[in-house]
Each structure stands twice: as C-alpha cells, then as structure tokens.
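Read through the structure below, which is laid out as structure tokens, and then see the notes.
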Amino acid sequence: MLKKREVAIISAVTTKCGEHWDKGIKDLAWEAGVKAVEEAGISGKDIEYLVVGNMSGGMFVGQEHIGALVADFLGLNPIPSLRVEAACASGGVAFSQGYLAVASGLYDIVAVGGVEKMTDVEPEQATSVLAGAMDFEWEAYFGATFPGLYALIATRYMHEYGLKPETLAKIAVKNHHYGSLNPLAHFRNRITVEEALASPLVADPLRKYDCSPISDGAAVAILAPLEIAKKYTDTPIIVEASAMASDTLSLLKRRDLCTLDATVNAANKAFQLAHMERKDVDLVEVHDCFSIAELLAIEDLGFCKKGEAQKLVEEGQTYVGGEIPVNTDGGLKAAGHPVGATGVKQIAELVKQLRGEADKGRQVSGAEVGLAHNIGGTGATAVVTILSRRGA
Amino acid sequence: MSATAPPAHWRRMRERYRLLGSRCETCGATFFPTTKVCPKCRRKGKIAQMEFSGRGKVYSYTVIHSAPKMFEQFTPAVVALVQLEEGPMVLSQVVDIDHKELKVGMEVEACFRKLFEQEQSGIISYGFKFRPVNDHWGKYYEDV
Amino acid sequence: MKVGIVGYGAYIPKWRIKAENIAEVWGQDAQTITNGIGVQEKSVPSMDEDTATIAVEAARNAMRRANGVKPSEISAVYVGSESHPYAVKPTAVTVAEALGLTPYVTAADTEFACKAATAGIQACLGLVRGGYMKYGMSIGADTAQSAPGDALEYTAAAGGAAYIIGGDGVLAEIEGTCSYTQDVPDFWRREGSLYPKHAGRFTGEPAYFEQIVKCSKSLMEKLGTKPSDYTYVVFHMPNGKFPLKAASILGFDAKQVAPSLIVQKIGNTYSGSSLLGLAAVLDRAKPGERVLMTSYGSGAGSDSFSITVTDQIEERRRLAPPVQYYIETKSYLNYSLYAKNRRLFRE
C-alpha cells in the first residue's frame, strides 16, 4: 500500500472574473497558469501532472479536450493532462484529484486548474447548458431551471424553518460587500437589503440578487509534497484533507430536501481525515450558487444545527470578526462563478487569507485553518477541502 | 434546454403519459420513474410495472419567471415537487391554479398536458402536470 | 345484440372569454352580437392544451364510466378534429398511448369539419357489430381557430367528448344510424392556412339545414319513429340559434333541445359540439328515454343516431364529472391574454 504523503499548496491564483470579451479559454488558462507558476517560483517544466476542471467547453465554445488544451497552451507537454467534470464542482473535484496524485507519491509537482468561458453565448443559452447539471429527463424536461430547483429547496426550508426572504437578502448583501473590497471580483458594487428584495423574481422566492452570475474566469493552484513545497515558500499551505461525496442526481430522491447529504458526508470525511473539529476552522468558502445554498452549507458543513443558520446570518456572525466568516472574497454571488474554475478559486482565496494577504477590510485576522466547499448541480457532488498554515 | 432528439422523447414516453413506474413485489417499495433494481432488495427484488393514480400532495413549489425559450410561453409557471400518494416524488408544473392558492401540502391530481414544442415544426412533447384536486363534482348529480 | 355507448366522457378547458370583450376590441355592439348568435362566452384552451390533451382527458373520463372495460379490450380509437396538432402524425396514437390501449389497436384520425367523430362512432359500430372487436372508441375534440375580427371569433371554442362503443355494459343503446352527405363549399380551410373561411349566409339553408334536416328525417323514416318519441334531440351547435331552428323545422320543440344547448355558455367546440351536447343529455336522461342526435360537418354532411338510454346509466354516469361541472368551472381572460393563448401574435 502506497504511503500517503503530506501535500501542500505552493501558490494558488485567480484571474479577475467577469465578462471577458477579449479572452477565450486559452487566454484565461494562460493568464492564471503563468501567474501561478511565477508566484510559486517554479518553472513550467517542473510540473509533472495537470488536472483541469471545466464543466462544458463543448457547449459554451465548442471546445472539448480541455486537459490537452491547457497543457498545450501552458507549454506543459508532454505531461499527462486531463479534464474532470462534476458540473459546478468541476474545480473542487480537479483539486481533489490533484491532491490525490501528489498524496499517492506518484507525482511531485502538480498543477490543478479550473476554467470556464461562459459569456460567448446568450444568457438564455448559458442557462440551458447549466441545466445539464440536473436530471435532464425528469427535471429540466418538465420545466425546472436551476434557480427553480434551489427555489424549491428555499420554499420548503421556509415552510419547515420559518426562514424570511430578508435573511436571504442579507447573505447577498454580505457577499457584495466583500466583492466591493476584492479587485478580482466580478461585481464590485454594494447593495442593500431593500434593493435585493425589490429586484425581479427569477424563481419565487429567489430574486436576481439571490442568484450567482454567469462569469468567465480561471484559477490555478500548484501542489507539491510538503517537503518540496518548503523549498519554494515559507508559508506552504497544507492540504489537511480533500474529501468528495455524492448524492442523487435529482431532487426527487433526496432523503431531506433541505439538507445536501453530499456536503454532510464530504465534510464529516474531511474533518475525520484532518483530525480536526468545526471549531478549529477560522473561515469558510462555500458554494453560494444561490443565497439559500450558503444557508444550507453552513448547516450541512456542521457549523450549526439544521434550521439555525438563519440566526447566524441575522446576527452578522458570517462577517469577518464573526463566529464563522463565510465567503470573504464575495463568494460565487459577487466574486463570480466561472463554473469549472470556482472550486479552485475558493482554494486561492483561502490561501490568500491564511497567508494574511487578503485585501484590506476582508482579511480574517490570524486565520490558521480554512475550509472550501464546492457543490455540483443541486448537491449531487460535494467536495470539502480543509487547508491550514500549521503555524508556518 | 438543448434540443431533444425523437428517440429520447420516445424512450420515456409511456412513463410520462401514464405515470408508469415500478413496484418491488418483494418489499412493496414503489418507484417513479421505472427502475430495473430495487435499491433495498437488490437482486432479490422482483420488479413489476405499476401505474400511479396521479393523486399527490405539493411538497414544495416555486413560480418560475425566467425560463428557457422552449418554456417561455408558459411563464410565469408554477413548478412543484409533488409527493405521489403511493410514495415517490415527481417534479412538474401545476396548472389551472391561481398562484395565491398555492400551499405546501395541497392536494393535486395529474392531468395530461403539453410539456413543450420544439419550434413550430418540431415534435410536441406531452406528459403529466398537476392541477388542484376537485372532488366536488358529485354534487351535480344530486338532482338527477 | 344490443350495441351502443358503454362509456362517455367530456372535457372543456377552464378559460373563457366573454362576447362583450371581443366586441369591444372590434368596435361592435355586444348586445346585438349575443342576441344574434345566442352565445354569451366561449371556452379557450390553456397554452399547454391542444386537441390531443383534450381528447385524452375526455377519453379518461369515458374509461371511468366504462367501469371495468380493460384498455386492452379497446381495439379501435378514432379522433375526429379540425385542429389536430400535427398535419401528419395522428392524434389517435397519442391518445392510444396515453390510455394504455397500445399496441393491438387500430387507430386513425378523421376529418370532416365538426362531424369527424360521429363518423368514427359509425366505424366503431360496424367493427363491434361485425364481431371484429369488443370495444372501440371515438373522440371528437377541437381547439378551433378563427381569424381575429371575423364573426367566427365569437364562437370558435375548445372542448371534446369521447365515446366507447360496445355490446357489453351498454348505458345507451344505438338503435340505428344513417348519414347524408353532399359536396357543399360552405366552410373550409386550405392546407397551410391559419384560419378557415366561410361563405356567410350560404352556411345556413343549403348547408347546415339541408344536411341535418334530411338526415334526421331519413333516420326517423328508417326506424319508424317521430319527434314525439324522443325526450331529447341534440344537433350540432355552430351557434345558439341554428339548433332551435332545425328542431322547429323537424317538428321538435325547444324543450327537447334545451338540455343540450351548451353552446350558449361555451361556444362551438366543433368536433366536440354534438358529442358534448349528447353527453350533457346522458348526464341527466332517465332509463328508457330516447335521444336523437344529428351531427353536422361543413363540406358537408350529417350523421344521425337514435339512442335509447338503459338502466345502467344512473350508476355509471356518476363515475366522472358531468358536462355541467366543466361549464361552471371557469376563469375569464381579457382579449390580450386570449390573443396570447390563441397565438394571434406571431413572430
């Protein structure tokens, strides 16, 4: 049996997310890749293996074979390269696979990337592509949209736990607040609860500001065994655990509509592997594809009991300085959601925070341990990664 | 939603038209859509075809205001998770209803409707939707 | 062997538009219109309803009343309409699939303007009497189209009725049928045209009245019956006036027509019209009572049926909603929503 090695991140970077008319997949991957390699202080030639998360190059820009594309355009040939897909969890899954590659001992320096180019097509077409993350035959076919599915969860949650729309609005307000402090965020504007509640309904009760945007972007992380990482950085960020779990593809067979069991299972596994407890975590990057998803994540990750996350939100405990800061970069809502890149983008934010390098106003002081949570579809895939500084 | 090819329409047609699912005769569990294997009994489960009654309760609902082109004509559309009285959960639109009447737990029954058309010259897809149950038509026979 | 109606079912969509809402758009006087045509409001299908969905709902109601007839025993299904969803691909196969009648069933769509389904009933009678099958089904359903601003806009409506014909478990025996057909260009629609055209007043005497009167007379002669032998008479209802006039010409009185004159409240459901009228009668007729039904289809022709209700009717009609339920279950649309529904706005 191969001995599991300790894995650390040397560097992790994100491009700015937004509508990049002048950049295609090759350009976005190049931008993030070059930045990652430069910050890591390595040469491209040092990279031995490449895993790329991308949901649908094919349907957005007619381009498949993304692993080969990124390897080629980052000058990494002839190393092995592959693309992994798990809908919106593609990035997190890519990270998980890169981690596996290093931990197994088969590879030393590994590059993990995530890239998505979504804005060439009309928004309506982009929505169609994203609908591929649900059960096409029994959800999309019958009129469900992505916001619609999360709205079904929200309605039920409101029915069972008395959640108010204002609380969801507060989540969007917080994320826009941090987006305004993050130069790489898709949206830099702040919003108020009133503006959020007055915005047009997308799928009742979810409104425009409850929904993450369609963005272009890319993110890359360079992983290495801890001993090798120490040669390149004084602050290697250790991957304490990266665990994945799955759940039913559609909402129809879920055990409990208001709980994403995949998150619960992945989180439990991650904390077990890391030998850590929830109270050890200083900040989290969760998958807020919709405001309701952030609420669920706080509970399903185990930071509070089911039904009680709304209290944390109302009390402001998810802001920097609160009990559990959530999405200090603006989350998917404000920082952007270039689908395949999001999981790696979350890692990049945690690395920044753990190194004390976040922008003013959004740095969690003394952050030692961070958790990233990435979801595919309505929770059919979950990836939970725990990173720490270990006093470095 | 991307275009659906005729074979894909046809493969699930019967299930859509008649709410045909499966029943495990070994443990009594019911499934929609049809299943080849009972998750509980696995290979020991004897699977038989079952036609659901169409009666159920709304488990959750939403009103979709922003929809793909194919469903645009129906917006704002009510989409709901309906728990069929025999157990399984299905997703579809709720029709013939004023949005203000929507309630979690309300009783509904299946009806046969158009799901969508793929442009003017494409295939028309039919299937089940739900409408509020009305058991009160018996009163019309009282003076007969 | 007694052969006749073993199950019947109706369906009318819930939306309505009032004649006055149409009149105000075209600058016409609502009162004059409603007085002239005897129709107050008409039914409008939902955007996700069409002839196939209406046919299935009506057929499912017919199956409920047929109580005990297994889908596999129904070996024929015909759907008559002037608004089949496809020009090529029969509505009948969708109905057959939705009812679980497939695959050992003969199916076809018929077209003869508003009498397409009664031709189907005659076919079923022949197949059953000939010993080819136990039961057959014929359905008349339409989501009628009318050009905006045309007189037909006040009456072109949506609805349907289904009839299961057989020799076992007969609720109403069909003692005899006959037809009367001629080539009369009173009302037509060319392939590819959105809306039908009609020949104004020519649609009356040489078309509607000629066929209906001659056909009904012919059947009564054949059977040796007279108007007073019938408790009810049902005619195709293009409006609220023509059936009363036909009745008067034939020697029936208004009281015999009234129970089936549903056109006043729902408009002309085209291929569903006479069949829905008959359903309204079966919803209340007593055992032993007789009904004369004569359909009419432009082009032109009529099919007449003499029907005697049996004692099985009382119990079995309660198994599905009556026509009156569908008439009273309604919500109103204004003209713009109606126009959107009927796709009067085209890209």
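Just a few scattered comments:
Chains: A, B and C, in written order; residue numbering restarts at 1 for each.
We take it that a contact is a pair of C-beta atoms (placed from the backbone, for glycine too) under 8 Å apart; a residue touches a chain by one contact, two chains touch by 3 or more.
Predicted, not measured: the structure shown is a model, and the values here were computed from it.
Chain B has the Cα centre that lies closest to the mean of all protein Cα atoms in view. Of all chain pairs, the one linked by the largest number of contacting C-beta pairs is A-B.
Mean C-alpha position of chain B lies 29 Å from that of chain C.
Each chain gets a centre from the mean of its Cα atoms; for chain A and chain C, those two points are 60 Å apart.
Inter-chain centre distance (chain A to chain B, centres taken as mean C-alpha positions): 34 Å. Within chain A, not a single residue touches two or more of the remaining chains. Across the assembly, chain B contributes 74, 93, 115 as residues in contact with two or more other chains. If you check the complex, the residues on chain C that touch chain B are 14, 46-50, 52-53, 56-57, 60, 85-86, 94, 97-98, 100, 283-284, 317-318, 321-322, 324-325, 329.
Those residues of chain B whose C-beta lies close enough to touch chain A in the complex are 1-2, 4, 8, 12, 33, 59-69, 71, 74, 77, 79-81, 88-93, 104, 115-116, 125, 127. Within the complex formed with chain B, the residues of chain A that make contact are 59, 124, 127-129, 131-132, 136-145, 147-148, 151-156, 159, 200-206, 250-253, 257. The touching residues of chain B, counted against chain C in their complex, run 13-14, 17-18, 51, 73-74, 93, 95-96, 111-115, 124, 126, 129, 134, 137-138, 140-141, 144.
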